[in-house]
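In what comes next, chain A is part of two complexes: it sits with chain B in the first one and with chain C in the second one.
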Partner chain A sequence: MRNVKGLLILVLWLFAPLSWGQEDMVVVMSKGTPIQTLSKSEVIDIFMGKYTAFPNGELAIAVELSGEPEIRQLFYKKLINRSLASVNAYWARLKFSGRKRSVVDQDSVGEVIAYLEKNPLAIGYIPISSLNDSLKVVYRLNE
Partner chain B sequence: MPRIIIILLIYFSAFYAHANELEWSSFGTLAMTLSDSKQYGFRRDIRSDNGVFEGDVDFKEFSLIGGQLETKLGNNVDFVGQVVLRDIAKSKWDDYISLAFMRYTPNTNWSFRLGRLSPDLFMITEYRNVNIAYSWAKVPTEVYGIIPFLYYDGADVSYSTRVGDALVRAKFFAGESDSIVFADSEYEGLDLDKMLGSSLTYDKGDWNLQFRFSQGKLSAKSNAVDLINTQIALLPDFIWPNKQAFYSKVNLKNIDAKYLSLSGQKYLGNWLFSFELAQVDADSKMISTLNSGYVSAAYQYNQHTFYTVIAQTDSKQYKFNEVGVNTALIPELIQAIDYGANFYSSNQQSMSVGWRWDITPSIVSKLQFTRTDISENGDTLWINTGLDSPKEKVNSLVLSLSFAL
Partner chain C sequence: MNKSALTLRLAIVVIFTAFAVGIIVSQLFFRITYVDEFESSRKNVSQLYKTVSSTVSIATYLNDQELIKEVIAGLISNDVIQGVAISTESIYESSEDFYQTKDSQAFKLYSPFENSREVGVLTITPNLEYIEQRALEISKDNQLSIIIQAAIITITVIMVSFVIVAKPITTVARILHSVKPGTEARVPIPTYHQRSEIGLLVRDINKLLDRSSKQIVEERNLRQQVEQLSRHFKLLFENASSPIVLTEPNGNIVLYNKAFIGLLERLGLNLQQSFGPFLKNIFEDQQRLITLVEEAFGNDEMASGEFKLNRSSTTGAAVWVQAIVNLAITEDFHEFHQITLHDISQRRQQVEQLNIKANTDALTMLFNRRGGEAQIEKLIYENIPFAMLLLDLNKFKQINDVYGHDAGDKVLVYVAMQLKKSVRKNDVLIRWGGDEFVVILTKVNARQASDITNKIISKIEKPYFLSNENIDVNVGASIGISLFPDDEKHLSSLVQAADKAMYAIKEKRDPAQSVAFYKDYNEQTNDN
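The block that comes next holds the complex of A and B.
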């Protein structure tokens, strides 16, 4: 039984990146946010900790999907064409030089959505298939 | 800033910290260093007293472990403390505290920090302990080996703003630092007081350009220089008539020192190109102007990055040529002055090739081979066991395993 479970996990691991890779990613906030859309450079600035504010001046809370490395990898590949290792190296630089506080981490897409629903200034990224009525798309990565 | 303030900052922060908002993180490196010279011992910077010679298998130069604690003290105020355990020559207990500051961030544009901070003299001095944060197995010694300061105590203020699609960040800082320089089997104290500095960063798309300028009062506690000064002062005027003018330039107390750096990075597909030009200048005959720099290219292929670095440091060699001095009567003193004045005259160039393997996004292995061409009398960055300083080509190898969690 344990072997079957292990094999299943291996198969899912092998095919998960492929399945996520075919899907569009969206950058989302809660439906009630006054933010309408963001430019690519604004999204990059927020998620790379360069300038963590929206165009209206409100402080942005970037939500990182740390528990889903495949989705995270795809997001940064599409956003800035860099690997997850490169992004982690970049954040290690900001964090351990004491320049920036880490972003909010969530383990799953469901937790990201729940966090966004409670925090109108929080911003996260999810596969488009996980989109629901409580969220507003502020940037599409495959457009 | 007295160290007691650092202690009070830590105590105060621990007292007010919300237990549920404590955030721990860590980083570390285990590195093996080999080198092939019998005379010149490889070291990471001029503080290190641990030279790696032919036949040595060293684990001390680049190995370290660091822990960082962040906690919110209020809506816009937080505390960051960082301890780095590593081999530090002639260390004091607080040399292992690399960060201990309170940060006030009223909005995304402004940030104020007070306490113990990382020196921001050159591009990577703020995070050179964090091996995973850069491509190479070690930062270019030609530029960074001359900086022995582990931290500074003071304050900084940063302002960031968007200009079109670009981001501009300006930072001003002030403070003081102290360190040790190991040379000729002696430890010499080096203080940097009244330090004022600034940095300007321009970040647009795949481009990043940075400019830094800092100045301060440098004081070295050097027995060799004190001895030279004493001997010059005792000389009668018929040997050295205008010795007062020279005397003031040999002094290593409160001399003006300047640090300058221009650096940049450019991502181009899978390539990362970077460069830095740096200068250290001091108003003393005992510290000659030091120009250094490097260019680097790195190519990433999946989890593997292959890179090369070409680095150089260059300074003029001092040769005693003061007018009116009867040098024939004081040959040993002239030799000592020449030697002392050339201590910081680092002259070498190197070429490195390396491989970085991102085993996981948080664990990295690196292997770097460096061939360094040391010029005659240009061995400041090395531990020299000989009586002279001949030119030599030295090969060194660094193999490291790093993490950041």
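The block that comes next holds the complex of A and C.
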């Protein structure tokens, strides 16, 4: 009886983040990609426009989840600890110096997954709960 | 202009000090300004870096050459920056003429997304020339203001010190310089200095002037008194009837009065520098004078004595003085002899005349008995041999009785005259009393005495004409002779001896025998 109660508490604690919308985020690619894992810096470089290619030289296509500002906000918060506004300002500044951002915008998590499945060199981010078998986690964002 | 004048000195010191301090301060100011400027330029550079830091971070993170160039261009437009260089892992970009110095500042650049990820270096070299230029400009302005300030202060200090200190002192000094000691003139206290040190100084100066003028007046009065006193003394001294002479111990005459000159003239002498100590050269008995003075001085007394001078006056009279010699010692231990000579010649003369009168027989003008005795005592005292003739007149009593005393007197005068004719100058004639005479023949032997005696008798026996009676009278004489020192050695015994001899011969009543020597009489007596 006591053991059951302790287990319950443990489960509740483990699932607590889900219930608060603080879900873990994962950076994913299509299952068929040759890329295995990426470092945090590599993820940042790809998403912040430093590199447009993977370490192996393949061109990377960053997929932005434009339609889900909350998820997007959470992603950037976890990746570079910046607000979405700050990220937008960053891009706006670069725009003046003539640098063009090469990203693919998708409206929903489903669309992102669909795009990733079709493009093995595309890289995107989704909440861990939306992860399915067709995708490969190349980087896990957690605190 | 007076080089030592207070104002000029003060001005020179103030100007030099201001100049020196100005130079030092402006140099110091330049250094400080330069360091400040340099420090502020470093701050500027840091601030500039902060301004561009986010952009440059992004630029280096992205290796964005365009953005990097833009940043460099932006930084280089600042005057304080000489050059800028940015290096990333793949790019190196710098401004034109960029060089690195020890003053260059390097800033590490981090990824805008990862604090620990270094993405490049920004190097900024400050524009030292510009900084120096600015420091110079600033300090130049400062120098100018310091110079202006120093000039104003200098002029103010000089003017103030001139007006407040130098001018009053100069005025006081000038006035004091013209003040004659002993007058009523005083130094006025300069305006606005009633309570300052200058006022105090002037007051003290005036007090000193007061004191000195009082002293001068007192001294003047004292001097007048002394002068008056000395005039009186001089008058007293000059007009003293007695000669007064002040000499040094060696005899040099220091001071003398008119009476002394008068005395010298009387003696027929000229004034000399010295007449010897105590003027001894004008005295007859110099040894007695010296002994007297030395004895008196030895007893701390003044010497006083009567002395005959060794020269007679020009009229031939002997000059006698009472000399008083006094030892005077001045305050500074100089010895002087004060010699006063009182003329006592007249008194001396009177005494001498009285003396002569007392010793002279008024009728015959021979010595009387008193005078004669003194003469004989003197010869005895001096041990001069002589023969004493005691002469007694014969037949004189009858003349006296018959013709009167006047006739007797005339006979006596006549006899005296005969005696004078018979003896030598040095022989002594005495009217012994009544019709007795004593004749002293000095330095004769018995024979000579006998000769002279015979001569005397023959002259006396000559007849004498009594004009009143118109008759010749003649007297005889009996003479007894005693010899000194052969017969007797004392006056009375000599007289007794002569008397005995004379009576012996008189008793014989023999006109042929009228002279007898005591020694012969003595022999006869002994023979009897």
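Everything below uses one rule, namely that the second predicted complex is superposed on the first by the 119 of 143 C-alpha atoms of A that agree within 3 Å, B and C clash if a C-alpha of one lies under 4 Å from a C-alpha of the other, contacts with A are read in each partner's own complex, and residues count from 1 in each chain.
One rule holds for everything that comes next: contacts are C-beta pairs under 8 Å (C-beta built on N, C-alpha and C of every residue); 3 or more make two chains touch, one makes a residue touch a chain.
Nothing here was measured: the structure is a model prediction, and the numbers come from that model.
Peer 1: Does chain C touch more residues of chain A than chain B does, or is it the other way round?
Peer 2: So, of the two partners, B touches more residues of chain A.
Peer 1: Which partner chains sit in contact with A:N88 here, chain B, chain C, both or neither? Use first/second/both/neither.
Peer 2: Only chain B; A:N88 stays clear of chain C.
Peer 1: For A:L59, decide between first (touching chain B), second (touching chain C), both and neither.
Peer 2: A:L59 sits against chain B, while chain C stays out of touch.
Peer 1: Which holds for A:N119: it touches chain B only (first), chain C only (second), both, or neither?
Peer 2: Neither partner.
Peer 1: For A:G49, is the partner it touches chain B (first), chain C (second), both, or none of the two (neither)?
Peer 2: Second partner only.
Peer 1: Applying the document's definition of touch, where does A:S108 land relative to chain B and chain C: first, second, both, or neither?
Peer 2: Once the two structures are laid over each other on A, A:S108 reaches no partner at all.
Peer 1: First (chain B), second (chain C), both or neither: which does A:S130 touch?
Peer 2: neither
Peer 1: Which chain A residues come up in both lists, the one for chain B and the one for chain C?
Peer 2: In chain A, positions 41, 50, 81-82, 90, 93, 97-99 sit in both the chain B and chain C interfaces.
Peer 1: Which positions of chain B touch chain A when the two form their complex?
Peer 2: 23, 25, 27, 66, 68, 70, 78, 80, 82, 99, 101, 103, 107-109, 113, 117-118, 126-127, 129-130, 132-134, 160-162, 165, 167, 203, 205, 267, 269, 300, 302-303, 358, 360-362, 364, 404
Peer 1: Which of the residues in chain A come into contact with chain C in the complex?
Peer 2: 40-41, 44, 48-50, 79-82, 90, 93-94, 97-99
Peer 1: Provide the residue numbers of chain A that touch chain B in the complex, in ascending order.
Peer 2: Those residues of chain A that touch chain B are 39, 41, 45, 50-53, 57, 59-60, 69, 81-90, 92-93, 95-99, 101-102.
Peer 1: For chain C, which residues count as touching chain A in their complex?
Peer 2: Touching chain A: residues 55, 58, 61-64, 66-67, 70, 111-114, 117 of chain C.
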